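Here is the structure we will look at, set down as structure tokens.
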Amino acid sequence: MAMHQSVEYTEASAEVRAVYDDIMATRKTDWINNFWKALANDPATLRRTWESIKQIMAPGALDPLIKEMIYIAVSVTNQCPYCIASHTASARNKGMTDAMFHELMAVVGMANETNRLASGYQVEIDEQFKQ
Amino acid sequence: MAMHQSVEYTEASAEVRAVYDDIMATRKTDWINNFWKALANDPATLRRTWESIKQIMAPGALDPLIKEMIYIAVSVTNQCPYCIASHTASARNKGMTDAMFHELMAVVGMANETNRLASGYQVEIDEQFKQ
Amino acid sequence: MAMHQSVEYTEASAEVRAVYDDIMATRKTDWINNFWKALANDPATLRRTWESIKQIMAPGALDPLIKEMIYIAVSVTNQCPYCIASHTASARNKGMTDAMFHELMAVVGMANETNRLASGYQVEIDEQFKQ
Amino acid sequence: MAMHQSVEYTEASAEVRAVYDDIMATRKTDWINNFWKALANDPATLRRTWESIKQIMAPGALDPLIKEMIYIAVSVTNQCPYCIASHTASARNKGMTDAMFHELMAVVGMANETNRLASGYQVEIDEQFKQ
Amino acid sequence: MAMHQSVEYTEASAEVRAVYDDIMATRKTDWINNFWKALANDPATLRRTWESIKQIMAPGALDPLIKEMIYIAVSVTNQCPYCIASHTASARNKGMTDAMFHELMAVVGMANETNRLASGYQVEIDEQFKQ
Amino acid sequence: MAMHQSVEYTEASAEVRAVYDDIMATRKTDWINNFWKALANDPATLRRTWESIKQIMAPGALDPLIKEMIYIAVSVTNQCPYCIASHTASARNKGMTDAMFHELMAVVGMANETNRLASGYQVEIDEQFKQ
């Protein structure tokens, strides 16, 4: 990442440090991954993105591990190598087993296949699905 | 769907009927949705796709409702209207609440956003994520 | 298509008519489909796009029917309803049989599935494929 | 691919070896590429994916080289580096010439362009394409 | 949109009304479009999404019309009909001329084409672009 | 890029050199980037692509820097690493500041998010957007 300087904690502004501190406290970790160090070039986006993720990924009607697996499903569909690597690691940390990962991949693969069969065959939406 | 004749049960071959019967028995329903009626124009693809989906979507390390929500995540990312409508209906039938749907959408939206921030900022994969 | 006026032959400029005439002559048909009538709002893009398509879709190392099927594969992957409908019709006109269409769809579906299995499992490119 | 152990033939279970043997026999080759070694972590997906690909990519109404080129068209559209590298190599092995590859790329590029012109101009599907 | 009730102003909670009021005041308009009425089923997402968009789309280093055109470029690439229609209308309201729209479409189409030529030809990133 | 020989100026045909010369003259630079050296394997595509880009990216109703940023928006959405790197470098050369880049990324990220919220909530297009 040559064009975008990675912002390290020691050189960060107070505003950026506050976000870094909250990321580490929330995630109970002592390091910051490259995604946030890149966004830190734009403190407004760093803060907004972190606040949104913190709110969205918190426990709720879906538990955080399920949310991480949904994140992987999207990242794999979009072919984003960084996102696949980082969210697969996060899901592992939250308890994703090999068996869960394998089933996740099977569903993601199948959905990408049938999405195209549905569009290629120009299938019309059933009335029952409109209710 | 003008070009691909929808294959109704009453006019279907024995091979196609056998798949339709298995779909209805497995799903405990008495109708077949348009996706399968379109695929029935190609009995080999109908059978292979159904057998794969039946195996993949069965209870396992992930429960069927979680799998339906992963299916929705992929379909929404790919912008497939038929798939979004049909799998949202299926997830509702399997117990997806409004709260679960809202959190699902929030995660899918966020993942699609950060996938692009990661690629746009050309973020390099952290060594920690390679282990 | 409310915002973009469809440019009919009778109201078209000489520049647009010349492209329309060439489309009809090349395709041995007596009508212009909506795609071109929309592009005609921007004669430079109309001409450039038509000249490119005419050159690219002509017989060469691949025959025109194969090219139409490749066009369908891309359009289905991208979920473009207009493009799926128009290129499926064109491929039919050029001799695509039901059996060919079914096999095309099967390959497109499978490729979309394995594309995601490859990225989700973070598979490294074999040395053999680099030669 | 750090998180997913690559399953080599010598350490594989009998179930996995049976699939590997069939892949090598069908393809008349003596090695297994990384894609299958990754999927082998989940023998059910390995078997299902191989059986599907073997059936779909066999000679039929379309010949295997055409099918490989359709596979490339999808993989390029989805930006999957592994899939592009592996299927381009396969297509070369099946006889794809430079001229064929160049025309394939030209069609894939053009289709990706006009897919967006069609959606951006909000072009309505012609009645003629609905028949 | 059958499954997700559209939340009208008169039936909205105070929390939702506050967002609706801010949308109308910010945009100097007296109606709310369907996107927000759908999100209103999940007030947390409604608020978070509106606050983010309000911040991001405000005048800054790029003017609001340029931002709307970038929004169109993404929506067209993703094939999202709702987003194409709504952001094209917004851009028109902010002064996008026909000539600007035509050039926007030409660039979006071309970028989608060359994105695939670059990946299909497996082009390596030049050292100069890494600085 | 093993399979596609990179065509250097000194070994290029007169036809390819003519395009290379025009690229360097138009861009006021003394080198050719890898994208063109790859396309040069197919002189017809090299020429057509360059002529189209030269026409499309020239100053018009939108200035060249805005066009480069639209190119980045598409490339980031499609996850094309080569295109992101090359067009980000070009935009920098044309005057894109850090602040402009940050806002561009924020809009691209947001658009990718709301594109999915719109489709996932199955939002119907407002009548107002159809005029």
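A, B, C, D, E and F label the chains in the order they appear, each numbered from 1.
Everything below uses one rule, namely that contacts are C-beta pairs under 8 Å (C-beta built on N, C-alpha and C of every residue); 3 or more make two chains touch, one makes a residue touch a chain.
Please read these numbers as outputs of a predicted model, since none were measured by experiment.
Student: Chains in contact with subunit D and with subunit F: which ones?
Tutor: Correct list: A, B, C, E.
Student: Using the touch definition from the top, list the chains contacting both subunit A and subunit D.
Tutor: Common contact partners of subunit A and subunit D, which must touch each of the two, are B, C, E, F.
Student: Within the chain touch network, how many edges lie on the shortest path between subunit C and subunit F?
Tutor: Graph distance in the chain contact network comes out at 1.
Student: Tell me the rotation angle, 0 to 180 degrees, that brings the C-alpha atoms of subunit E onto subunit F, to the nearest 5.
Tutor: Fitting subunit E to subunit F on C-alpha positions yields an angle of 180 degrees.
Student: Taking all residue numbers used at the subunit A/subunit B interface, answer same if over half belong to both copies and different if under half do.
Tutor: Mostly same residues: over half of the interface numbers shared.
Student: How many angstrom lie between the centres of subunit C and subunit E, each centre taken as the mean Cα position?
Tutor: Going by mean C-alpha positions, subunit C sits 27 Å from subunit E.
Student: Take the average of all CA coordinates in subunit B, do the same for subunit D, and state the distance between these two points in whole angstrom.
Tutor: Roughly 21 Å, centre to centre.
Student: Can you tell me which residues of subunit E touch two or more of the remaining chains?
Tutor: As it turns out, subunit E has residues touching two or more other chains at 2-3, 41, 44-45, 49, 52, 77-81, 85, 88-89, 102, 104-106, 108-110, 112-115, 117, 119, 121-122, 130.
Student: Thinking of each chain as a vertex joined to the chains it touches, would you call that graph a line, ring, star, complete, or other?
Tutor: Per interface graph, the chains form a complete graph.
Student: Quick one: which bits of subunit D touch subunit B in the complex? Just the residue numbers, please.
Tutor: Interface residues on the subunit D side: 2-3, 44, 48, 52, 55, 130-131.
Student: For a test of understanding, state which residues of subunit D touch subunit F in their complex under the given definition.
Tutor: Residues of subunit D touching subunit F: 79, 88-89, 92, 98, 102, 105-106, 109.
Student: For the complex, give me every residue of subunit D touching subunit C.
Tutor: 1-4, 31, 33-35, 38-39, 41, 45, 49, 52-53, 56-57, 60-62, 66-67, 69-71, 73-75, 77-78, 80-83, 85-89, 97, 99-100, 102-104, 106-108, 110-115, 117-119, 121-126, 128-131
Student: Taking the complex as given, what residues does subunit E use to touch subunit B?
Tutor: Contact set of subunit E toward subunit B: 3, 41-42, 44-45, 49, 78-80.
Student: Which bits of subunit D are touching subunit E when the two form their complex?
Tutor: 72, 76-77, 79, 81, 84-85, 88, 104-105, 108-110, 112-117, 119-122
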